[in-house]
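Next come two complexes built around chain A: one with chain B, the other with chain C.
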Partner chain A sequence: MIDLFIALSPLLTVGFGGLLLMLAEALGKPANNTGMSPDGAVVVDAGAGRSEELGLLATVILFSGAASSMGVWLADPATLGVELVSPWLQVDRYSLFFSFILCISGGLCTLLGGGYLEEHKIDRGEFFTLVVFSTVGAIALGFAGDLLTVFVALETMSLGVYCMIGLRRSSPRAGEAALKYFLLGSFAAAIMMFGAALLYAATGHTDLAGIGAFVGGLGGEASGETAMVIVGMLLMLIGMAFKISAVPFHMWAPDAYEGAPTPTTSFMAAAVKTAAFAVLLRILLIAFGDPRLMSWGAGWPPVMACLSVLSMTIANVIAGRQSSVKRMLAYSSISHAGYLLMGVCAAMRLPEEASASVMFYLAGYCISTIGAFGALILCGSRGKEAVSYADLAGIGRRHPAAAAAFALFVISLAGMPPTAGFFGKLYVFRATIDAELYSLAIIGLLNSIVGAYYYMKVLVFMYMREPIPGAPIAIPMRSSMVVSALIIAAALVVAIGVLPGALLEMAAVAAAALS
Partner chain B sequence: MVDSYLPMFLTFAISLIACTVMFTFGHFLGPKNPSPAKNMPFECGNDTEGAKFTRMNVKFYLTAILFVVFDIEVVFIYPWAVLFKGLGWVGFATMLMFIVSLLVALVYTWKKGGLEWES
Partner chain C sequence: MTPGSALFIVSAVLCLAGAVTTVVSRSPVRAAMGLLGTILGIALLFLKLRAEFLSAIQLIVYAGAVVVLFVFVIMLLGTDAGSEPESEARSKIAPPLAGGMFLAFATALFGLLGGAIKTPTAFTVPSPDHGTIEAVGTEMFQNTLVPFELTTALLIVAVVGAIAVGRGRQGQKPNQRVIKNPQDFYVGPVMERDNVSQPEPKESV
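On to the complex of A and B.
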């Protein structure tokens, strides 16, 4: 029994940490003991004006979640009596790999939030609790091996994010973003639930392995069950495609990403997407891993390949035409979903190699994208975000450290050495080519060249342009928390970029646990 | 397949026919003598007042959502209480964890002023 608690410790640490954080927020004195906000207004809310201490507490909770994931990984989860909670929660090295990435991403986002919220006068303590509980949902999504836990975890993750988007209550943009994401997100969840219901009706199983076994036992002739399984599978995929914001299910993403406070945006781009990919790979390979559903001519690979090509191409074309950097990063995250889906397609022929490459890519992408949003936070201050390319003009001279960090993350997102993004792309392309999906690989390669254009535009504006005379100049903000988040992220990006072998080996071990 | 759904279809058909018949006969046979007093909106005998859309206080929403949370708690506790002996200490600990987390939520709501109607 104790073994089981140890095995579930990543989930329990973050979950109970979240409860403690709630108490810390509610029982503390508002606004640093004075009951006043910095601008003199009376604050009655107990969580307001304390973003530094609450942010730090949330970061500690999330990083200790990461540490306990690593501990369970080293202790080998298979020996910890995890079959008691199986198949509802599958504690294996695959899910621990993801819970590690998710905790690190969540921790970096709370660090960013600790600096951002105060600067932009939305200093609400709820943000940190919501991040922690959303991360609990995301971790549970990585663990989930049953359609019921998949749904519950997905909703736990999404509910927090809906609130975090609407944190800036006075802004109509934020309200629009939150409502849009909420409506489309619940719509997607409903579609997924419908798919799950059809799968249960056809197979009599809600656990993924049971569905997989039933599909494997189906006869070759067309029957009602076969049709229901295929329709159920497609509906599940639609729900998942919403969460990873693959074209054509991406309509909510740019607006939600742009309207949300930037730390929330980075959480959505990193953690939500990673958790969705974790469950997507597990569902596809475990429940629909039958050769008849997993070939180039039939089943999910052609669907995923279409989504991949559309996401890469359309997102890259639109991203190049944006004038807002935040919106460009939103489209860039859609295009990254496209590259990742390419790896998912390759998993039909080489499950282990392709899954490992997708996991490696996700780790690099998460840290780089959080870092890019964090650098964007650092470039604007006093309630004014640096959102357009013009705001970035001359940052390289005015604030060289922020510009250098931004440049590093953008280079990593573009996939150039010596960064984590380069090896992520390299491994995903190698897996695609090894799986003999040459046309897909060529389209992906062309797209990453197109993508480099708008990433380079950031560098050009930062280092080679000067602000237009008379234009308002955003003064970079000062925040030790944002800076430390950027330092951690930069160190990780460079470390993975210089020594990719260790992480790839871990990803390979994790991927082996999946099948 | 058809046999098992036949009663449902019959119920559906009969209710459809009954409604159609009642409305049709009422429409053609009923006497119609409209007057201004009869055309006024009817609201349980009271005169109508106020605008069509009113903003509700957000406190109603908060109370409603708190009710749902603690209502769901009861939904989980009942089956647990019925099977209490069979579940043993593990079941007790699990339920304790659940109730403690809800207790934390209650303390949170209380301290954040969610239970105060007047302020």
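On to the complex of A and C.
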């Protein structure tokens, strides 16, 4: 029994850590002893003015979640009596790899939040609790091996994110973003639920392995069950395409990303997308891993290929025309979903190599995108967030450190060596070519060239432009937490970029655990 | 037609009519009543499936608590809250396009599922105690304990999120109400006995 708790320790560490965080918020020392703020107002807000310490505690909790994922990975989860919670939660190296990435991403986002919330006057303790519990949902989504746990975990993750977007109550744009994401997200969850119901009706199973076994035994002729399985599968895929914001289910993403407080945006772009890819790969390979459903003629690969091509092309074209950097990064995250879907597509022929490449890409992408949003946070300060290209003009000369960090993450997102993004793209393209999906790989290559244009635009503005005389100049904020988040992210981006072998090997081991 | 299928048709029609009313009607009260119809229909469907306990829970929780809560909120805000004048800039193409796509999708769905409906999956016959409190309890706290425990995280997120979103507006200096004396906690008409230090009542938030 104790073995089982050890095996589940990533989930339990973060979950109980979240409870601890809530206690610390409620019982900790108030902002001042009298319950009155300096101007005599009554403070009715437990977490106010303490976002730095709460953020630090949340970061420690999430990083220890990452450490315990690594510990369980090393202890070999298969020996820890995990069949007791199977099929609800599948504790294997695949899910541990994802829980590691998710905990690191969540921890970096809480570090960013610790600096950002105070600077922008929304220092509310709930933010950190929401990040931690959303991460619990995301980790559980990576673990989930049954449609029931998939749904509960997905809702846990999403509900927290909806509320994190709407945290800034004074901004109508944040309200719009939260409502838009909430409505479309609930709609997507309902569509996914409908798909799950059809799958259960057709197969009599909710666990992914059971569905996979039933689908494998269906035989070739067109029967009622086959039709129901295909419709159910498509509805499930639509639900997940919403979460990974693939075109044409991306309409909410730019508005939600732009309206949300930037630490929330980075959490959405990194953790939510990673968890959705974790469950997408598991569902496709376990439940729909039947050779016929994995074939080009009658299965999910053409659907994934269409989503991939549309996401890459449309997002890249629109991203190039944005004047807001935050919105550009939102479209860039949609286009990254396209590259990742290309790898998912390649899993039809080479399940292990392609999933390993997708997992490697996700690790590099998460850290780079959190770093890019973090650098954007650093470039703005109180009352003036740096969001447009014009705000960044001349930052390279005035604040070289901030600009250098931004440049590193943007280069990684663009996929240039020696960064994590380069090897992520390399491995995904290699898997696509090995799977003989040549036209898909060519479209992907062309798109990454188009993508380089708008990433380079950031560099051009930072280093080669001067601000228009008289325009308000964004002054970078000072926050040790944001800076430390950027240093950690930059170290990881460079480390993965210089020594990609170790991480790729881990991803390969993890992918082998999936099949 | 057996009584069972008659019950199914009645409850299905009630569900769908309620759902359409909820979406289409402009008056919030009518929408809430449409929701009530859907919930009643689902409770009937549970009865048809011999899940008496779930049916009762559906009535108590949804019809009894959730819809009443909705009606309370509508009462608090006034029935015309949220209804806005018809905007001129409404798209002419979008509604027919959405409707057409929905119809196409529904046709494709039923076309594909047509064969399946004729030959439904043969599920095992439920045990005699199917749908009783004991059976539901065993299922929930024994067989599906893990997802049940996972819902605790969902509920915590919901509560914390509700606090995060529902709590007053912060960081908005111009309109922010800074409460300097306890008397200002009273929103609404200031009574004679509250009106000690400040002569004129504050305007409500």
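Heads up, the rule we're going with is that the second predicted complex is superposed on the first by the 503 of 515 C-alpha atoms of A that agree within 3 Å, B and C clash if a C-alpha of one lies under 4 Å from a C-alpha of the other, contacts with A are read in each partner's own complex, and residues count from 1 in each chain.
Rule of thumb we're sticking to: a contact is a pair of C-beta atoms (placed from the backbone, for glycine too) under 8 Å apart; a residue touches a chain by one contact, two chains touch by 3 or more.
It should be emphasised that the depicted structure is a prediction, and the values quoted were computed from it without experimental measurement.
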Is the arrangement of chain B and chain C around the shared chain A a clash or a fit after superposition?
-> clash
Should A:390 be classified as contacting the first partner (chain B), the second (chain C), both, or neither?
-> neither
Determine, under the contact definition given at the top, whether A:22 touches first (chain B), second (chain C), both, or neither.
-> both
May I ask you to name which of chain B and chain C touches more residues of chain A?
-> C
Scan A:75 for contacts with chain B and chain C and give back first, second, both or neither.
-> neither
Partner chain in contact with A:140 - chain B first, chain C second, else both or neither | second
Classify the contacts of A:1 with the two partner chains as first (chain B alone), second (chain C alone), both, or neither.
-> first
Using the superposition described at the top, list the residues of chain A that contact chain B and also contact chain C.
-> 19, 22, 45
Sites on chain A touched by chain C in the complex = 15, 18-19, 22, 39-42, 45, 85, 88-89, 120-122, 124, 126-127, 129-130, 133-134, 136-137, 140, 146, 148-149, 152-153, 155-156, 159-160, 162-164, 166-170, 178, 198, 201-204, 222-225, 227-228, 230-231
Inside the complex, what are the residues of chain A that reach chain B?
-> 1, 19, 22-23, 25-27, 44-47
Which residues of chain B touch chain A in their complex?
-> 90, 101, 104-105, 107-108, 110-113, 119
For the complex, which residues does chain C have touching chain A?
-> 109, 112-113, 115-121, 123, 144, 146-147, 150-151, 153-154, 156-158, 160-165, 167-172, 178-180, 182
